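Have a look at this one before I ask anything.
So that you can tell them apart, the chains are marked A, B, C, D and E in the order they are listed, and the count of residues begins at 1 in each.
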């Protein structure tokens, strides 16, 4: 999975990698073209690149989210669709209630263990290309409720997440910011080659195993092929 | 008569439609990426650590690693390791400092309790919200370098509170200096003047 | 109601509505057995948002539970704060200064405006509008949230009240802005009612739908506007006279039919009364401290004992039952969730009606899953 | 900790002298447990009803009913014209695990040396058996008074965990008793539909009990302390020499 | 060069390029191509117009950032939004549920688009612009239009989804209930004009009083009543709010569309708008004077433009209604049809007959003719309306 980095080392400064773009404008690949992209350009020829751009433009401007709210963040998600924030400006106001017509799953709120299998099922029901935004602390990591016995500590244990939006709940603007990040990510996707979009890679999974309700916990509690957390930064030099 | 209610409704929506072209009360959209929201000074989203000096943020951190916030944080998203050595703080008093200060923004619920319980005005709430990341393990765990922001930034986002805090700290500093002076004077009168450990001036 | 299953009537159809369904207000689930479109059986299924609020609160301090109460009924964090503060004050024998009492009333009534306007918006969405009433309601809600944000720092999760008072004293500019907003609120209500209350489709879809009897409602523990829609005069602001509510001059609207339309109108009328309360509160707000000096927030250790504090939340009676064993953490922390208990009669109300009605009845009961499942 | 009522009449203001009803009603509000208790005892002579005092500032005392008569008493409370407790607001489950209590008795021992009596503390340990408890908060909508608090206790926490359901009396207990059954494991006899409310059906534990251990999903805990740190350590890579 | 006849001249010029044996074929191919292009684009811009108009009704801006792929700075007020949606829809994965009836699941979107396009064949878009001149054009139109509900039923049945099935049932109930008032509302027009040909009906509404007041059918009592019934029935036939029961979002997820993804879903979407456009076009032809200009002095604008302007007006009205109203329940929907619209349409039939029999009433009798005709409409409207809404009124409340 591409969104996993090598294990976190406590000493290294995390500023080495460009982790986030400045607020508001564009995203990682919005404006200038990087060297690798220029190389691609040369290889593919201009026609394919133009088609690629058209393809990315079409998809990035027509992200229909699944009408699917879990908890508090869902209210801010609805607020993002209301007049003040108006997610429609990005062409994303068409919240489809059926997963078959949705492109984006905004996991907005606490995913409980009782709910988790259903979230995975909804994700499996969505047609490719599909994207997932984990909105809010609970969806990312369990958030304030992570100590709970019935709370899944992050939806990325079961399905791949493209964008994480922290906050409890994130402001509607933060969701819009996450959406622009996602748009930039989609625009930067390629149709072929090693950097091709996830859904175009032959070996990438589109459906994920749905955990069963067990006697004490979900079975399995997370998808080991997907969720590979780095060793905790506290693993060495334990404090007592 | 049948239909009058429906016609009234249509009239209201028509009024809103027309109003959306000329009445700002009926066109409330703020175009976010182009227009940044006007955040009130009290807005709180994720904590940051106040440092006195922008050029040497790690050296002038107000935090003394007392770990009260770590204990009080309801979702336990703060992790602090005390330093082994001590550094002089703004008052010149030797204090511990956090060797590690991590906040997991993937967990933080911005409840502000860490700010409320902090006796040193060292941790304050930030205004940043656009920090979406593609990797939560490295992208959302903030360390002390990322958390440290200068006092000038604090003044920028919350002028009233920052001025109040500065005033309070200045008063404390003055009191401390007075005390130190008095102690020094006492010691001077005692005529066994060894340089007191806490006698150095505040390193700004 | 026809529940015959023979060669003339065909098969019954079992439909599982939710937990991902546009009209279940979150992750509520109803297992509905249908005969044609008619409901012959309806079983609510809970727990999809059971995030262990009570268990977590038993292992954290009294103060640390305050931000969690924001997330119970996430539309009305201010009321939840107050209910919890009320219970802790009762447990610890704390008093609240006058100004804080007034501020609490202001916040609670603003919250009522937020909740009720959202509710009617969602209700109309369930009735099939294309979001228009919801968006008008959210337009007004944003204004109130702006107030909350500029005072407490967060739009939804205010974490504003403390046991023994409130956290921030509003400056005069805030009070002026809030007062202006409240004065303008009835204009929004008028427009809203012009648009929808007399609408023939709205009347046909709500009048006589899901009527609830008074005795039935009392026995099922229904509280709040749903109860008053049946004509039972039971408003904790009057009955318990908590806070400074006895000082305010307001009326409690009562319905007669207990149907969806009455439940809707209760909300509209209550908003109008809330506006009156708010106007009085802004007029009479005294100066003074906002915290009980005796209140110790960090490391608060109430004496051994127990207390049940309840108040009239926008959705009904919101109660907190706390048992202290003398330590810094409550031994037992129980939330009496109005949203959950108001659903007790859901099946009775929906039997014999169509799916479309069930959705509307559920919408008119006004649930928030964060509170139902906790 | 709430001490179970003891028969010794140490607190005269709470204990209930068998006074005639009418004189009591004038002194106490009709819904106060001290006023209700004698009426109940008179009405249900076979029942054992105790008054459980609340030592906190709220001073809302409660009545401990025995399981055999609970439903009859509840029905009486609901229908009695003076009380009309028609509304059961809240039903709570509580877990009281068994615990060791150290009783300290001060005894004055006569000094064999003939001096003044010595005060010697004598400590006796006893195990207070654990039990599960439900608490019902009753109010009257008709009379607008309350609360009357009822308590019911199971015999232990393991197998004798049966209590009568009050759902037939107040329908509002329906979901709340299901929740208690789910989270505490109290079995309510006579409940019309006793299934788990919040957790899934195949779930075996009762997570609100004090001795419940949550499943181990502490793979990624970047900011651990306290019990979280202990659990998280289990997932740290085993490097020789460091954490063994 | 005459704008009015320009399309015809262009077509003839192109057709003349081909050998005579092919000319008939080219003629029709050209017509079909033009209709598909024009109404395809019309569909695209209807969707963006709907989204933007609804947004304005709701005090917001609506899509405005799409722009063009190669020029990220250009936003173009978002009018390229439908093309982005189209690219997305075409490249989206197509999922056919394992349990679905594969044939029906595939056929339904194809058929629904085909059926909804058939109606365009008989609409007179301009003075001389009509794809096919049929004497029984109206009969043909309704026959073709009724088939779309069949396709919806196929979709609902073929998906093997419970929500889809419920939607299919609703669609059938709706079809049966509203086909009748739709056709009945049109019959008076046929009686007065004495023809089933849409071209002749449009032509019959020519002429102005004082050069200002057009002689459109909607400006007669019977015509107005028929137009209202027609509007309501059109909303129901094209599954628009407040009659969007088959895809009632808050009840049935997405109704018959629940199991459709990608391009097939887009086809349904397209068909819905084609159907709406065709029915609106029929409404324009029958009641709003077709391609006729509203005033004599406005005749310089080409007739096909007038037709499009009126069509757009109808569509905007439908969007407005969608932005305002809530949905009926299925039994209320059928009740509205059988107990209100059908009796009213039947009475209006008599009204049309009366109007057709009294064209020679002159002088003061004209007023009597109008009064009688209006009475035949208004009195039953009030009485039936009262019966329909019996027991439903805003209530007054008491306070404790």
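Basically, a contact is a pair of C-beta atoms (placed from the backbone, for glycine too) under 8 Å apart; a residue touches a chain by one contact, two chains touch by 3 or more.
Note that the structure is predicted; figures quoted are calculated from it, not measured.
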item	value
Intersection of contact partners for subunit D and subunit E	A, B, C
Touching both subunit A and subunit C (chains)	B, D, E
Central chain (distance from its CA mean to the mean of all protein CA atoms)	C
Selected interface, A-E versus B-E, where C-beta contact pairs are more numerous	A-E
Of all other chains, the one whose Cα centre sits farthest from subunit E	D
Geometric centre distance via CA averages, subunit C-subunit B, whole Å	33
Whole-Å separation of chain centres (CA-atom averages), subunit A against subunit B	29
Distance between chain centroids, defined by C-alpha means - subunit C, subunit E (Å)	43
Of all residues in subunit D, the ones touching two or more other chains	198-200, 207, 220, 222, 224, 228
Where subunit A touches two or more other chains, by residue	82-84, 86, 89, 97, 114, 141, 144-145, 147-150, 154, 168, 171, 229-230, 233-234, 239
Touching two or more other chains - residues of subunit B	2-3, 6, 9, 12-13, 16, 28-29, 31, 45, 74, 76, 79, 102, 104, 107, 109-111, 137, 141
Inter-chain touch pairs (all)	A-B, A-C, A-D, A-E, B-C, B-D, B-E, C-D, C-E
Subunit E residues touching subunit B - in the complex, by the definition given at the top	53, 56-61, 320-321, 323-325, 381-382, 385-386, 388-389
Residues of subunit A defined as touching subunit E within the complex	30, 50, 53-62, 82-84, 86, 88-91, 93, 96-98, 100-101, 103, 125, 127-129, 199
Subunit C residues within the subunit A interface of the complex	19-22, 26-27, 47-53, 55-56, 59, 67-68, 71, 74-75, 131, 134-135, 138-139, 142, 155-157, 369-370, 373
Parts of subunit A lying in touch with subunit C, wherever the complex brings them together	66-72, 74-76, 78-79, 81-84, 97, 99, 109-110, 112, 114-115, 118, 122, 138, 144-145, 147-151, 168-169, 171
Residue ranges of subunit D touching subunit B (in the complex, touch as defined)	220, 222-226, 228
